[in-house]
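Labels A, B, C and D are assigned to the chains in the order they are written; within every chain, residues are numbered from 1.
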C-alpha cells in the first residue's frame, strides 16, 4: 500500500483525535445545567477571534442567522468558516471583516463574496459538500480520517488536504479526508430545553455530527421546552444536552430564511442581501441590520416587525411531517 | 505510510464495491411494486444455500424470528451468519445444520452454541459488535473499508481480516475493517407498506445500513400500512422501499422475543431455548416448533395460542416514545 | 397541419431534460434548473422517479409553484419518502442506488468535465469566482449516468475546463477508473438550450446527437470553443409540447423568473 | 453499636461498583451485572449519570424491577435522552464522551486485559467457548476509565489471559499507545466480590486497594493465579448498606435471580 497523492500545499484545520478527546473529557460536562443565555453572552463566551466555525443548513433554511448577526455585531476577527452551503453567511462575515478563510462547500450567492475571493480578501479551500460532511463525521467518530470514492480525479484534490491512498483490500485508489473538529458549531433548532437537548424537524446537514465533533456548541431555538419532553420521545432528539454549551432562545432565529413548518423565508429581505455588490452597500446593510440594532429582539422590532412576522408565520402552511 | 499488520489467515466475506454497485444498478429496482409475500416464498425466493446473512437486533428484542424459523424449515445449508447479537439464532441455525460460519459479535446464549464451536461444527470469526457494525456501514457507504481506533492490540485482530495501517495524517496505527455486503438481510419492523417502506420504533443496530449494504432485503412487519403514510411523515421512515425485495406480514414475527410497545418477551419459551444442551433436545425443539408446523401462522396457532399472545400483548405497557 | 411554437431557450432545455428521465429510476438532483426538470418530468412522464437532494430528502414530490432558492424548505421536500442528512444522501449515491445525476455547469469540456468554480486567473486569484462544487463532485462521481444541463453559449464549451470541479471522463477512456472513481459511471448526456450531446462509447468525447427541430448541426457547433464529434445521423428534437409549456408557465413557474430566456420558435 | 450484615458476594460486588460511579459523568454499560450496578448507582448516588448502551440508547433510566436478558426492550431503554443505533453509540465513546465503561469478564490478567472469548485449547478448537467481545472491545478501547466487574474466583485472575478480547494495558506501560489505542485510556478499577483493585500508575499492574471489612489482603490474594501488587495501605470496604440491600432485594431484583450468590457477613 502506498500514498498515491499527498495533499496540496494548503492550510487545513486538523486536530489529533486524542487532543479532541482530551477536550471532551475535561471541558465538556455530562452534568445537566441551565445553559440558557442571550445570544450576546453565548457568542462572547464561546467564540474567540481565530476560531473555526461550522453551522447547520443555510441562510435560506434553518440557518443560525441570529447567532451569525451576533458574531458580526461583536466584530470577531480572523474566523475560518466551514461552509457546507454558504449562501449569505460568508458574504456578511467577510464583508464585516470577521472571516479570513472559508472551506467550501457551495459558495453561493451573489457577487459580493465572489468578488471578495477574487480580491484575495478571503481565502477559499475546496472540499466539496460531501467532503466537508465526511470530515465532520470523522471528527464525530473520533477517527483521523474517513475514506471516500469521490474527489478523485478532480482539481479539488490539489486545493484541499485530501489524500489518495491505495486501498489495502482492493488496490483501488481511495481518497481520504482528514477529520474536522471545529472550535464552535452554531445550530438553530425547532425546540431545545435549558440543558441543551435539541430537536430539529425535517432534514439536516450534519447537526448531530457537528455537535459531537465541535469543541463548543451553541444551540439557538425557536422554542424552549421542558427537559422531560425529550425523555418521553427519544427518537425525536437530534442532539443530547451533553454536547451543548449554550442555549439561546431565538424565535425567528433563522430569519430571513425559513424555519420549516414555523415561518417562511422573507424573500424581500433576501433580495436585499442578494443585491449587495459593493462595500458601500454592504456597510449600509450591516449598519442598518446589525450594528444599528442592540440585539436579535431589537432587530425583530426595528427591521422586521410584528406584522411581517405574522405574515411569514401565516405562509408556513405545510406542517405535514414536521412534528 | 505502511501496512502495519495484515489480516489474519482467515476467511472473510468481501466484495469489490464496484461489483456491489453493479448489483444495485441491475438487480434492485427503484420502481415501486407490490412485494408482499409469505415468509416461505420470501425465503425460497431470496435466500440460497451458501449465502451470507445478517439481521437486525436479537432473539430477545425485535429479531426476525419468524423468518429465521422459515430458513430452518426450508433446510438451507452452509449459511454464513453476520451475528451482531446472536442469542438463540445461531444455536438454532447451527443445530438445524443450516449454518457453517459465524462472524461475531456476541455469541450468546447457552451451552449449545458454545459446544458446537468447541466441536468444530461451526467456524467462528471475531469482529466484535463495533467491528461488524462498521463493516456494514462501509458496505452501505460504498467504500472498501472504514477506519477505527479499537480492535488494536487485541487478539481479535489475528482472527479477523481487520488490518492495521499507519494513518497518513497523524502517523497513528489505525485499524481498518473491510466492507461487508451480505447476500440477505432480515429485518423485522413495526410497520411496512407493500412496496417495502418500513418503520422501526426504538433503537436499532444497523437497520438502514444493512438494508443499503445487502444484495437482498426481506422485511417482516407486525403491521402493513398504506404507502401514503410514509410520505406524510418522512422522519419516521427507517428504510425506503427501493432497498427492499420482499415484505412479509408477520404479526408476532419477533416471538419469542419482544416487539417494543407491541408485545413482551415470552420468558417461558426463551427458557425452553436456553435449556437446549444436547442434540436430542435441539431436535425435539426443532421438530415441535419448526419442522412440525406448516408456517408462522400454524406455529402461532399450535405453539403459542391466542391466550398467550393476548397476555404478551397485555404486558407491553410501555408505549411512551414508540410511535 | 404544422404550427409554430414560441418558447424560450430555457423552456426548451428544461423540456428536453425532462424527456430523458426514465420512470422507476432514481435521480440525484442538483440545485436550480435540475429541480425544475425533475418536477416537470415527474408530473408529465415519470411519476415513479425517485429524486434525491443532497441534504437528505429522499423521494420528494415538490409542491407547485416551485419555490426558488432553497431546496430544503417544506415545499421542495414535500412528501418525501425519508428525511435524513447529507452523509446518508451520499451513501445512497456511493453504493450505487442513484441511476442518474443532473447538474448545471459553468463550463464543460469534450470529456464532460465540469467547471463550476472559477473563470480566468488562477484558483488562488481568479478573475471570476462562482459557487464551486457543492455536492456536484459527489453526484458526478457516484451516479451511474450524469446529465449536464447548460445554456448553449459557445464560451461554455471549452477544449479544457479551467478547473475540474466535477469529473467527466477526465483525460479520456479509462481515466476515471484509473483515478479510482466507481466503474461504469460518467457523463451520459449534455442537455443544452439548442441540442443534445452524448459521449462516444470508445473515445468518450462529446458527440452531437440531436438538435432542436429546424436547426442544423452546424448552427449548433459553430460557436463552441471546441468542435464536438457529430453523430452519423443527427436527430431532431421537437420543441416544447403544449403540456410541457402549460405546466412550466402556469403551474411550476407562473412568475416566469426561471423559464425566461431567449425567444425561440420551431414547428410543432 | 456494631451489627452484622448478611449479604451475598454478588450484592457486595454490585454495591461497591455502584459507589464508584461519579455524578454527572457518563458510563458505557456492558450487558448483565453492569446494568444492575448502574441502576443502583443512579437510584442512590448519581442521579445525573448518563448511561449508554451499545445499540444506541443514550441516557436510559430503566424501570424496576430490572428485566433480565434483553437490554433493548422498553423497560431498560426507558426514558432515554436519545435513541440511535450502534454506529452512533460507538461514535460517542470513540470521540471521548464516555467517562467510564463497565464490563464483566471471564478472565483478567495483571494488566487488566480481559478474556471473554474462550478457555482452554486454541481459538479454533477451544475447550469452552463463551460469548466473546460483543461491544466490550470498543468499550475497553474508547472509554476513559474501564471498570471490570468480576466474581472473586482465583482461577479468573491469571498471569496472562488466553485471548485478549478487550484490551487492558496489554504488555505494560506504553503498550496501548503503541498499539494505537486512544491516549490516557485503560482499566481503572477491578471490582470483585471481595475486594477492589486499581492499577499502578507506573507499572500499570493490578494493585489491591481495599478489601471487604473484616478480610485481610492475604485472604483476597491467596487464591489468585498471579500475585497482585498490594497498596501500602489497604483500605476496608464497608458491606452493603441497608439502602443498597433494600433497593437490590425489593425493587431491582425481587426474584433474587441476579443477586444470589455465596453468603457473606460483615460488620456494618
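FYI, contacts are C-beta pairs under 8 Å (C-beta built on N, C-alpha and C of every residue); 3 or more make two chains touch, one makes a residue touch a chain.
Not measured: the values here are computed from a predicted model.
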Next on the checklist: What are the mutual neighbours of subunit B and subunit D in this structure?
Outcome noted: A
Checklist entry - Taking each chain's centre as the mean of its Cα atoms, which chain lies farthest from subunit D? => result C
Next on the checklist: Count the C-beta contact pairs for B-C and for A-C, then tell me which is higher.
Outcome noted: A-C
Next on the checklist: Could you work out how far the Cα centre of subunit B sits from that of subunit C, in whole Å?
Outcome noted: 40
Next on the checklist: With centres defined as the mean C-alpha position, give me the subunit C-subunit D separation in Å.
Outcome noted: 58
Checklist entry - How many Å are there between the centre of subunit A and the centre of subunit C, using C-alpha atoms for each centre? => result 29
Checklist entry - Using the average of all C-alpha atoms in each chain as its centre, how far is it in Å between subunit A and subunit B? => result 37
Item to check | Junction residues of subunit D - those touching two or more other chains | outcome: 57, 77, 79-80, 83, 90, 94, 142, 182
Checklist entry - Could you say which residues in subunit B touch two or more other chains, in rising order? => result 17, 142-143, 148-149, 172, 174, 202, 232, 234-235, 320-321
Checklist entry - What graph shape do the protein chains here make by touch: line, ring, star, complete or other? => result other
Checklist entry - Each pair of chains that touch: what are they? => result A-B, A-C, A-D, B-C, B-D
Checklist entry - For subunit B, which residues are in contact with subunit C within the complex? => result 17-18, 20-25, 28-32, 139-143, 197, 208, 212-213, 230-232, 234-235, 237, 240-243
Checklist entry - Residues of subunit C touching subunit B in their complex? => result 23-26, 48, 50, 57-59, 61, 77, 79-83, 88, 90-97, 99, 142, 144, 182-184
Item to check | Touching residues (chain side subunit D, partner subunit B) in the complex | outcome: 31, 53-57, 63, 69-70, 72-75, 77-80, 83-87, 90, 94, 117, 121, 123-138, 141-142, 163-167, 170, 175-176, 178-182
Checklist entry - So in the complex, which bits of subunit B are touching subunit A? => result 1-3, 6, 14, 16-17, 142-149, 163, 165, 167-170, 172, 174, 176, 178-179, 201-202, 232-236, 320-321, 323
Item to check | Residues of subunit B that touch subunit D when the two form their complex | outcome: 57-58, 60-62, 84-85, 104-109, 113-115, 117-118, 120, 123-124, 126, 128-131, 133-134, 137, 148-156, 158-159, 164, 172-175, 202-207, 209, 257-258, 260-261, 264-265, 267, 270, 316, 318-322
